[in-house]
């Protein structure tokens, strides 16, 4: 059976879900269900234990693997503190590292991310770093103990698709860790394409959360991820320059009278 | 419920299947099953009643709508003769018109196709013409009585994807008939994309038949078509130039000591 | 020397210019000069002999080949009448056929265009038909006596680039007439790309006329067309999947002490 | 006048030339001339003072700014040693940093490159680092004292074009240093496109060196770079979804009899 192993956990679903930007948090349980996801990420600051605001965890079934992220961290130190906080709060030992000091494109800082990954991996975290697609940085993340690598397809929330295909394909081909395309995926077809390229999983948030119908859009992504994965496993045929008749062209009507 | 109506028949599946190029015809029933298709096309010349060769119809369950095609026809007259022959042979009254005199790219001849459509529609056929995407030709096909319009994404059998997107989108927006993207689709992601654009269905043959695992590839296409359709119905969000944080970025760690 | 022969005229410049949409007609002579074009197209209705309005011809030097177009024609008959009118008005015997009945995309009607081409070519016109890129229609234009074929890259005035590349490349490869990419080209890089593909010329209007600086933009297109043509003649190298070092990588610093 | 200032030198040409891969070195002077370049890069190891082999410098006119590169360096230390060696050999104080330990894609190591830039900038070098396009790395190169930033469009020598457009556009918009697109550019149209995007210059080697006619291809790139720059300065018009008639469509033939 085709399964994905990350941090000792076996996953059947290759679609990871983000929880930001939903107009109504109440819809999240149904979105999770229709997406069939097994891993959900949330900003640690939104896990409000004091509970003046409602706690995002209330909307996530306990069978789901929590992937707290360090959104808001601008450097290694802050990312490490947020990760430890998340674990202390009972979110488990998975963490998605986001170190971002650029407010316009929200692009990750690979250098700080590598450092945070190294520290947290040594502390026993299952570390999934969000990164700018770059082979040498990915190799350093492997050495630093990452459990997967999460390159961006396009800036967060832009729905612009996999604009960094050239670089992500190289990561897929060269890095011996699961590659999870994160950020930028705006359409199910793009999620399918990532999977056809050989990505191990995709993470989607904005495209589902800001759709007119998040529950059905979550299902659409779930189907697309399965489609792309199946196609990858079944091997796509080559592109050809000239046409190839589906059946031989000659000699039908000419062979005799009809 | 979301259904597609063509020629008075209500279809749940929006994936049409071609039967050429399969290495072993014996696999066709399982491919049809895993594709969930309800409409299957085959060259009329391959419906061998005399049965020296095996008859392609033996592999197609009788619940499936047969869509005999006029592959091999080089002009209106030949297309019309083949269509009539198919009906006489008991293939029903659906016909996919293919009029092709170009052996290199197998590009359709819109002018002859329009004429054949008009003749056959008047004779009560449900006519689905394969065409080079062009708005004015599509308008003439509507007037000629076509039941759907089948523009090509790329030359037959090339797996090159939807290279004529610009023109197909215009057909989708302007033509009041089902638009079925036919030819060129080489990957499930491309089928999903056609559906996201608003196409009503896609026809796939080569990409499935020449895959390493046609049964699973058929399933991949089935999932992708559903994904794209669901996304279209749920409305995709807009592309944005700059990043949009999934959650507000400021004021987490700075608010107090942790 | 690399020259383009159309209708018995030898052209050094492979950039044709349209005259619509300029904010100030007075700028046209300088635009023509900086573009180095030798062929300029204008709507016949803008050639106002009665001269209540100013006459576009006043702005075009007499060394330039006039290419009156039948813009406004909705069918063969109207196109033929406009062409004859243009000749009677002294615009010469070149004509660009535009038959358009679609007001939203301004897409040409290939069927009517072929008929008009046939009539006018027989009357001694040098006929350059604007067309929707389609191999079989182009073949009929050849038979009808066209002097060149002008497929669209994208709808008129959209600046969307060569979205029909797949189909235009086929025309370039298969049709024994000059192929002039017309409509849609919005950037010099796109004009260069058309020429690299093997197009014989391009026609540009909107991209120049609506630029902030039409005179310099005309020069930019002129340079780009030359660049693309030179590249085509000098043959482009192949794309490769893996990197190719510009110089051998091994054994520099290691060979000894520096 | 539109000029580019790097390291205190004013450049009129925005095309930088690489000298690797030419089948015959004897052609290099003519290629330089037809390219109109003012900056030429060469691997330091190819500057053979001992002169068993011929010295690449013999082919470069002394008015040209030499840009020795550290090709062959696998880490900071090696890059620094090669740069110092180049200066000691009389190649001047410009240096293009290449730190590459990946033999398949020849992708640069941003981390080591930043360190080498910092050391060499402090020693008075004019440092142009070759880099994987990534905003945070580019910001660090600015801080490290780089004179320009050279992001890759695609792996060296692949002729694959600007596949990292999304990330390079961000560098152009956000980094206050000249952005020179290096590696991957395979066609003049792609060079023009980089310039239209707002890049300050491009560096080309393989596409010229491996062409059938390097002298004319060099000229083609020279023209294309000028075209793209002029278009950028003249501002491109917007893309539109629907067609825009070049001249008003109504009321020509209908106004009266002709």
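So that you can tell them apart, the chains are marked A, B, C and D in the order they are listed, and the count of residues begins at 1 in each.
The definition used in the following text is that a contact is a pair of C-beta atoms (placed from the backbone, for glycine too) under 8 Å apart; a residue touches a chain by one contact, two chains touch by 3 or more.
Please read all numbers here as calculations on a predicted model, not as lab measurements.
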| query | When you check each chain against subunit B and subunit D, which touch both of them? | reply | A, C
| query | Looking at B-C and A-B, which one has the bigger number of contacting C-beta pairs? | reply | A-B
| Distance-wise, how many Å sit between the C-alpha centres of subunit A and subunit C, to the nearest whole number? | 45
| request: Take the average of all CA coordinates in subunit A, do the same for subunit B, and state the distance between these two points in whole angstrom. | output: 31
| said: Give me the residue numbers in subunit D that touch at least two other chains, ranges are fine. | reply: 104-105, 107, 160
| subunit C partner contacts - residues on subunit B that touch it in the complex | 101-102, 104-105, 107-111, 132, 134-137, 140, 154, 160, 163-167, 170, 174
| note | Given the complex, residues on subunit D that touch subunit C span 18-21, 43-46, 71-73, 78, 81-82, 85, 100, 103-107, 155-160, 186-190, 192-193, 196, 205-207, 209-214, 216-217, 219-224, 226-228, 230-231, 233-247, 249-250, 252-253, 258
